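Have a look at this one.
Chain IDs A, B, C, D, E and F follow the sequence of writing; residue 1 opens each chain.
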Amino acid sequence: MDDLNPQVFGYVMDRLLQEGALDVFGIPVQMKKSRPGMLLTILVKPEDAARLTEIIFSETTTLGVRRRDESRQVLARKWITVTTKWGDVRLKIASMNGTVTNYAPEYDDCKRIAAEHQVPLKDVMQEAVQHYLRGIVK
Amino acid sequence: MDDLNPQVFGYVMDRLLQEGALDVFGIPVQMKKSRPGMLLTILVKPEDAARLTEIIFSETTTLGVRRRDESRQVLARKWITVTTKWGDVRLKIASMNGTVTNYAPEYDDCKRIAAEHQVPLKDVMQEAVQHYLRGIVK
Amino acid sequence: MDDLNPQVFGYVMDRLLQEGALDVFGIPVQMKKSRPGMLLTILVKPEDAARLTEIIFSETTTLGVRRRDESRQVLARKWITVTTKWGDVRLKIASMNGTVTNYAPEYDDCKRIAAEHQVPLKDVMQEAVQHYLRGIVK
Amino acid sequence: MDDLNPQVFGYVMDRLLQEGALDVFGIPVQMKKSRPGMLLTILVKPEDAARLTEIIFSETTTLGVRRRDESRQVLARKWITVTTKWGDVRLKIASMNGTVTNYAPEYDDCKRIAAEHQVPLKDVMQEAVQHYLRGIVK
Amino acid sequence: MDDLNPQVFGYVMDRLLQEGALDVFGIPVQMKKSRPGMLLTILVKPEDAARLTEIIFSETTTLGVRRRDESRQVLARKWITVTTKWGDVRLKIASMNGTVTNYAPEYDDCKRIAAEHQVPLKDVMQEAVQHYLRGIVK
Amino acid sequence: MDDLNPQVFGYVMDRLLQEGALDVFGIPVQMKKSRPGMLLTILVKPEDAARLTEIIFSETTTLGVRRRDESRQVLARKWITVTTKWGDVRLKIASMNGTVTNYAPEYDDCKRIAAEHQVPLKDVMQEAVQHYLRGIVK
C-alpha cells in the first residue's frame, strides 16, 4: 500500500491479531514514484482467511489482497513457571525431536515485574532464564 | 540482488510497470557479507510472466528469477469525478459487498492542481475527498 | 546496537517515552558481519538528557550513547473538539504564520470510537476531519 | 512522521529538490505503537533553510523540524562527454587530490538512449564508462 | 522472529549458506508492540529442506518455519578468466537465449587483489570488466 | 549514495573498520527516482577523520562526505573469562556508576566453540552468561 496513514497501519496490525491472525508484520517497501510503501502480511488459518481479508479491505486503503497457501512446521511447545526473586515468570519451552531448542520468558510477565520492581527488563528476562537453566542443570 | 546499481533498480521498476506489470516493489534485504541487497518483486498476469522475466534478466544483474502463483481478491472499483474550487479531480471508489471501503483521489490530478494553484498536495487531496463525501452526505 | 533482543527494544522505546523523551524511534541498520542492528534515537530536552541516557544504558546492551545538540522549529498548535455522529474527537491544529498547515484527529479518541461503534479507524478519522473542515468552510 | 500518506512523501521529496534542496532522502523508522514512520532528511544551503522548512511544514504533517549544521567535504568534479555507438553520454568525473576517484555516466542521458535504442540501461552505462576509460588508457 | 539477538542472526545466515542453502537473506520487519523483527528467508533445494529447517530451529528462537514451493528460472552461466595488470580475475558470464545479459567479476578475486595492490575494490572490478569487454569488442 | 554496487558497500564497511573506524553502519534510504540508496555512517576519532574520509572517497561513488562532531558517553568496561564445559569464553562487562549494566559474551569465542563442539551459537552464549552470573550469585 502506498497511501495508507502509518497510524492506521499500527492499528490494523493490532486489530488483525485480536481477530485471530496467527501473525502480522509489515515490511517497508520501495514503490514507484519514490513512495515508501508498506507490505502487510498476515498468517492465518484457512478458515479465518475470508473474515480477516474483509477486515483488511475495510480498515486499509488496499484494493487487492493476495493469498497463498504455505505449510508450516511448528515446534512442540510447553509452558513452565519459574519463581524468581521478583515473582513468577512463565517460560515457553520449545523442543524438536525431544530436545529443547529454545526457552523464552513470557514478555508480559517480565514487563509487569520490571515495572513493579523498577528493574531493567533484560535483567528480569535473564533472571527467569537462569532459574529455568538451574532447574535443569543441578 | 547484491550487486545492482540502485539507479538501475529505479529504472527497472519503472520499465516493468510500463511493460505491463500489475505492481512492482523493492524490499531492502540483508545479505551475506554485510551487503545491502534488494529483492525485486513484481505482480504479473500469467500471460505476461515470461516476457517480464526476460526484461528482469536483461536489465538487472540477477541470475535467477523465482516464480509462484497466488490468487488475488480485488475490490470492485469505479471512478467518479468531483469538481473542486481548483479544478476536477477523479477519485477511485472501492467497494466490498456493495459497501464503499475506500475513496482515493487520483494522484496525478492532485499533483497537477497543486502545481498550478500553488497549494499543498495534501490540501488538494483533502478537498477532493471533502467534495466526494459531501456528495454522499447531503 | 547489534546484540539487543527486539522485544527489549520495543519495551525501551515505550519506557523512554513515559519517562519524558519528546520522541523515540528506531532505525534498522546494516552492521558488520551481516548483523541487522538497530539505531535507537531519542529527542530530549537538555535537562532530561542525563537521566534518559542512564535509562538507555541500564535497559539496553549499548556501551556508548552519542549526543548532539540540535535546534528545533515547532509549529504553533492548539486543540479543538468536534462532535461526530459517533462521539467527540479532538483534533490537533498546527499553524505556521497564522495559516493552518495541518489538522490531525487524536489517535486515541478515534481508536476508542472505532472499537465502540465497530467502524473502521480510517472512517472515524475522516469523519472528524470532515467536521473540522465544515466548521471552517460554511 | 507517523501519519503521512506515502504518496505525499514522494511528492514532497520531488518538490524539495526542485526548490533547491541539495539532497533529500527518507528513512523508514520504527515508531511507537507499531507505526512505520518516515524520517525526512534534507541537505540545504544555510540560506535556503528557512524557505525549505516552510515547504516541509505546509506540505507534510510534521509539527516540528530539527536543524543541525554540518560541514561537507566535496570532491572536485567536471563533466566530459563521450560518443558511444548509440549517442553521446556525459560523465561526471570526480577527483581527490588530482586523482580520479569516480566516473559516473549521467543517468538521464543513459535513460534516453536506452529507450531510443531498446538496449538495457546497464549496458548503456557500461558502454559510456568503456569509452571514458579507453580515452585514458590508450 | 521478534526476540533473536542480531549477532546470532548474522551467524545463522552464514551457517545456512555453508550447509547448502542456495541463498539466505533477512528482511527487517515491523512487528507488534513496536518490535523490530527479522524475517529469515532461505532458498533451498527440496532435498535439503528438512535438514536446513532443523538448523533454523536449533540455532534461532523461532517456533515455526513456513515452507512454500517455487519454480526458478536461472540463466546459463559460465566462468571465464581475464588477466588484468594486477592479476587474474574470474568473471561469471550469464546468458539468456544465447545473448550475454550480465558479466560479473568474482568478488573474492577482486577483494584479494584490492588488498594486495592497495587499490580500490571498485577499480579492480571495473578493470576486470574492461578486459572482458575488450576481449569481445576488438 | 544511489549508485553504489552493494558488494562494494560490504567491502568498504569492513575496510573502514580495519582502518580504525570506531563503528560503521549502513542505513537503507529512499532516494529520488525510486532509488534504494544507502547512507554510510562512520564514527571516528577526530584524528582519523581525514584519513578515513579519503578512504570513503576512493572506495565509493560518493561525491561528498558530511561531518559533524558529537560527544559520546561510554560505559566503563572490563573483560573477564569464564570456563564453560566447552571451553573459555570472554565476556565484556559494562558498568555505570559502579553497577553492572550489561554482560556480553565475546562473539568470536562463542563462534569458535559452536563450530568445534557442534552446538548452537545461542546455547554457547547462554552458557557463558550462566557461568558469569553464577560467579556473582553464589
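Here, contacts are C-beta pairs under 8 Å (C-beta built on N, C-alpha and C of every residue); 3 or more make two chains touch, one makes a residue touch a chain.
Given the structure is predicted, the values throughout are model-derived calculations rather than measurements.
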According to the touch definition, list the chains common to the neighbour sets of chain D and chain E. A, B, C, F
Going only through chains that touch each other, how many steps at minimum separate chain C from chain F? 1
Label of the chain whose CA centroid is most distant from the centroid of chain A: D
Any idea if chain C and chain D meet via the same residues, over half in common, or different ones? different
Counting C-beta pairs in contact, which chain pair has more, B-D or A-D? A-D
Interchain centroid distance [CA atoms averaged], chain A/chain E, Å: 29
Intercentroid distance (Cα basis), chain C paired with chain A, Å: 22
Residues of chain C engaged with two or more neighbouring chains: 3, 5, 7, 13-14, 26-28, 30-34, 36-38, 58, 60-61, 68, 101, 107, 120
Considering only which chains touch which, how would you classify the arrangement: line, ring, star, complete or other? complete
Flag every residue of chain C that touches chain F in the complex, lowest number first. 3, 27-33, 37, 39, 53-54, 57-58, 60-68
Interface with chain B, chain F side, in the complex: residues 1-7, 9-10, 13-14, 26, 28, 31, 33-38
Of all residues in chain F, which touch chain E in the complex? 5, 7-8, 11-12, 58-61, 107, 111, 114, 120-122, 125
Chain C to chain D touching residues, read off their complex: 13-14, 17, 24-28, 38, 43, 68-75, 77, 92, 94, 96, 99, 101-102, 104, 107
Would you tell me which residues of chain F are touching chain A in their complex? 30-34, 36, 101, 120, 126, 129-130, 133
